[in-house]
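Should a chain be cited, it is by its letter among A, B, C, D and E, assigned in written order, with residues numbered from 1 in that chain.
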Amino acid sequence: MDLGTIIGLIVGWALVIASMMMGGSLMMFVNAPSVMIVIGGTLATTMMSQPLKRFFGAFKVVMMAVFDRTSSVEETTNKLQEFAQKVRKEDLLSLENEEISDPFMSRAVRLAVDGVPVDTIRKTLTDEMSALSTRHDSARGVFDFMGAIAPAMGMIGTLIGLVQMLQNLDDPSSIGPAMAVAMLTTLYGSLIANLICIPLADKLKDRNTVECANMVLVIEGIESIVKGENAMITKEKLEAFLAPVQREVQEGD
Amino acid sequence: MDLGTIIGLIVGWALVIASMMMGGSLMMFVNAPSVMIVIGGTLATTMMSQPLKRFFGAFKVVMMAVFDRTSSVEETTNKLQEFAQKVRKEDLLSLENEEISDPFMSRAVRLAVDGVPVDTIRKTLTDEMSALSTRHDSARGVFDFMGAIAPAMGMIGTLIGLVQMLQNLDDPSSIGPAMAVAMLTTLYGSLIANLICIPLADKLKDRNTVECANMVLVIEGIESIVKGENAMITKEKLEAFLAPVQREVQEGD
Amino acid sequence: MDLGTIIGLIVGWALVIASMMMGGSLMMFVNAPSVMIVIGGTLATTMMSQPLKRFFGAFKVVMMAVFDRTSSVEETTNKLQEFAQKVRKEDLLSLENEEISDPFMSRAVRLAVDGVPVDTIRKTLTDEMSALSTRHDSARGVFDFMGAIAPAMGMIGTLIGLVQMLQNLDDPSSIGPAMAVAMLTTLYGSLIANLICIPLADKLKDRNTVECANMVLVIEGIESIVKGENAMITKEKLEAFLAPVQREVQEGD
Amino acid sequence: MDLGTIIGLIVGWALVIASMMMGGSLMMFVNAPSVMIVIGGTLATTMMSQPLKRFFGAFKVVMMAVFDRTSSVEETTNKLQEFAQKVRKEDLLSLENEEISDPFMSRAVRLAVDGVPVDTIRKTLTDEMSALSTRHDSARGVFDFMGAIAPAMGMIGTLIGLVQMLQNLDDPSSIGPAMAVAMLTTLYGSLIANLICIPLADKLKDRNTVECANMVLVIEGIESIVKGENAMITKEKLEAFLAPVQREVQEGD
Amino acid sequence: MDLGTIIGLIVGWALVIASMMMGGSLMMFVNAPSVMIVIGGTLATTMMSQPLKRFFGAFKVVMMAVFDRTSSVEETTNKLQEFAQKVRKEDLLSLENEEISDPFMSRAVRLAVDGVPVDTIRKTLTDEMSALSTRHDSARGVFDFMGAIAPAMGMIGTLIGLVQMLQNLDDPSSIGPAMAVAMLTTLYGSLIANLICIPLADKLKDRNTVECANMVLVIEGIESIVKGENAMITKEKLEAFLAPVQREVQEGD
């Protein structure tokens, strides 16, 4: 589970809600028709521009990106080195009963244990990595689109509200509240874009980078293991491969 | 027919119209001169910037993109494998009486049945694919341009309205309605851009990707069939080719 | 002459002027100092940023792009095939008295008739094509710059007007008209950008693409003719070369 | 220490604070809830979009970029030539007791003295340079994101304040101060973006370029020294390598 | 001296000042604290983001770009052909007493006369060209940054002014002037960006292109002369090299 995203989401919305409540009732900021036009309009235009499957898939992908646990590069490297040593001492079949939580590594090991040729393993795993990357990119496209269209839908709602208000200026006391309601859609659009869509699109991009780096590591490691390369060489290969990334983890943060 | 686009279009506009009616009469939002300047101005500037043929073609292309049915990648793969098996059992001519709804695949099969050499088939089909892609891109250019110019035309209309209003401030009771009318053009421009042009431009881009992927599949498949390759090899070839895409379809959505 | 640009320009401005007159007198929208600061300021900043020659050349280039007639790709292909057949029957010198309206094709034929070697013909014509493309790009740069700076000059004018108005709030009846005048510069800047500069910059880009495609066709055709290739081969070569483009013309529009 | 950044930061904020105090009390511009929503919201959304480690690392990286001293290209060149001459007169081990402030050069020299093979030295140092560049880029990504999201959070705060104000128009005397408070968040967001995040992101980009150029110089120099190349050749090599950069330093500024 | 830039700068500011004076006193538009926050703030943030040397160098570079005279491509070609003929008749040393105003060409000739090998001449001159290009790019970066940050500083100033005004609504007669003063910073920021920084950044880009084309010409010409190539070949080489550019000069403008 990605703690930063969860904390950021909760803290961000808590701050917004707190500052709404500070000036009076939170109910001032709730208006069903405004919610309807901004959220409904954003979803409708997104459906217009994206294939239905990708549209519905995007929410699933983003949940997975936030809640699934990714192995860190160090864990992956350690696990692969452990496997390399075990195979060195015993043989490839000794990996059969390993419990592996990462489904990609699990699949890689199963292919190796099943005696699938190295080239086929590499092709199969690379295809899977590519498919995941495409899914992430598609989902990101959906959130990018919503992040751009939500403020526009908010502005449309506000324009509608202002036109209605301007046509009914007879009762001066209703001008303030009417304008307040008109501005709610702009507020909603801005909240949807800046507190949900834009950060999630960025998160998906980042998550994709991390997972692909991890998968490349698994592919390199399994190939080295199946080829029966010396555990030392495997270790060096893995570290050489990810050196800059790992260093960032160890030194930079 | 692309269901998402139709549903999104209907729901989006229904939400907008509903929220207009909620605050009073829908007639408040109808103003012929405003419609004239925003829609007319957008079409006129688009005609200025684009060749006439492409301008008129764009609407036809977008209708085709929304209403024509595209075969899914799976259907195309299945159909091609079916053909491969039939040709294996009988011969190429056995495809002569196949009824094929996809015109591109139909043309590909006809070329094969007519005994056109493999290289010429590939060149002809590739040219056709390239022509379609150019048409889609041109049409997308038209909608991109309209999506950018419509809000600008809306702002021009609002400025004209505000200048007229500010020159006639004598009757305070007319200020509200005059300003309401002035804002209508900004609303129209925003609706045209965000509820029509921008999502359709995105849809055309997506549709182009899907259709080209499909056509590449047909080209590969027909080549394999004409060369008389083993049905098994044809199958593997096709699946290898589209693996990441198909996986997305099967796993991701 | 490019009909779309002329029609678009006339219709666009007619709509704007009509909607100005609808709300009262057109004179409300004419203010000499506002014209001066927006048009003058836009031209002055453009002169600052661009070499003088390119600045003055841009207007000539855009007039040529709108008023000169371009041969369509089909006309060019037909003409070249006609030449190829004539040369086949008689000889190269038979092209000497052909009347050719397109100056580029005319130059190409003259070079061929004069017995200039094929390589030199190709180099000379390619250089000319490249020079034209550079001229179009430079002119487009000028209109792009003006399209971006005109709204900024409009905003500067409006700010100046607002500051003047706010310093003289003594006479309430003058506030409206003063603000109306202040807004005129924003309106002018927006009109210059959206109804002139942006569509013309786009048109130049498109025109460049079309003319270059045409010239490439002439270069290929003349080379084929001078080399004395079979008329049939010339025909195929030309059609193969422009297939996607021509198809777009025939099928798409 | 980067003097320009420190001076710019102090002068910029001094000017802003001075102009706040000129119009009355500075306390007019302090509002705890506004600070909370803009700074809190910016940090929260940044946490949502970036891995936690990178988020916290960014501040450390930017402090290092501002306060650590970078050697100038000339100092680095001079130091390396001095080393080359010393090694020429004595031997590699004579560098053992050199005191070197730049940790990268210090590490390079230690590797050389320890007799590590040239290829390994180059690989190790290149990896370190790449890791630093990745850290700088990550940190820059954080500041880029904050520079874009802070004004959006400011606008959200202002919208919330305006809605609250518009719902309570009963007391006319409170309208002014309420609107003033509402505008504070937009001001805060703009200050955070333009007086902190955007200049720092640019500075990190520039700093990265300078440090990498410096490190490339060290790598080239140490390689030349370890290979025992003539001091003259080393000198020429170094100067050839950085000629355009150094010239900029000597002639341009 | 670049006439367009000087004329544009004078005319642009004259128009702005004229339109300020038309509506009353120019003093309405002068406000020391506003000047201080916009100009000071823009310079301070630019110092934060750029190395000090580059910051101060940018103004020198832009003055040189505007006031130094560049040789036209034709002058350079003619001069080089004249040299080629002179060397042909006499020898390389005959160029020793030539008076050459362009410092780059002067340096090239001195290197040739001094008998420096061709390869070293080319390398030296190319390095110098590259250094100039880097200086232009750095200076352009400074003006690009200021063109983007100046309007932001203007908005910050306006927000500060509005907050101060809104906190002191007691005296209605002071509202107008206070708001006028608040808007001055936005006006200043816009003027700095659009009438100084953006056009100058564009001019630097253009100037760089022209000077580099000129220098490439000198490098090619001197190489040809030193190698003792036939004057005719030198001529053709030069013209072939710059054909599209020169044609633009001769035909297009």
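Note that contacts are C-beta pairs under 8 Å (C-beta built on N, C-alpha and C of every residue); 3 or more make two chains touch, one makes a residue touch a chain.
What you are looking at is a predicted structure, and each value in this text was computed from that prediction instead of being measured.
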Query: In how few steps can one go from chain A to chain C if every step must land on a touching chain?
result: 2
Task: Spell out the chains that contact chain C while also contacting chain E.
output: none
Message: Please tell me the distance, in whole Å, between the geometric centres of chain A and chain B computed from their C-alpha atoms.
response: 28
Query: Taking each chain's centre as its mean C-alpha position, how far apart are chain B and chain E in Å?
result: 45
- line: Flagged in chain A as touching 2+ other chains are none
- request: From chain B, heading first to chain C, list each chain in turn around the ring.
  value: B, C, E, D, A
- request: Using the touch rule from the top, collect the residues of chain B that touch chain A in their complex.
  value: 2-5, 7-9, 11-12, 15-16, 18-20, 22-24, 28-29, 173, 175-177, 179-180, 183-184, 186-187, 190-191, 193-195, 198-200, 202-203, 206, 210, 243-245, 247-249, 251-253
Query: How about chain D: which of its residues touch chain A in the complex?
result: 33, 36-37, 40-41, 43-57, 61, 123, 127-128, 130-131, 134-135, 138, 145, 149, 152-153, 155-157, 159-164, 166-169
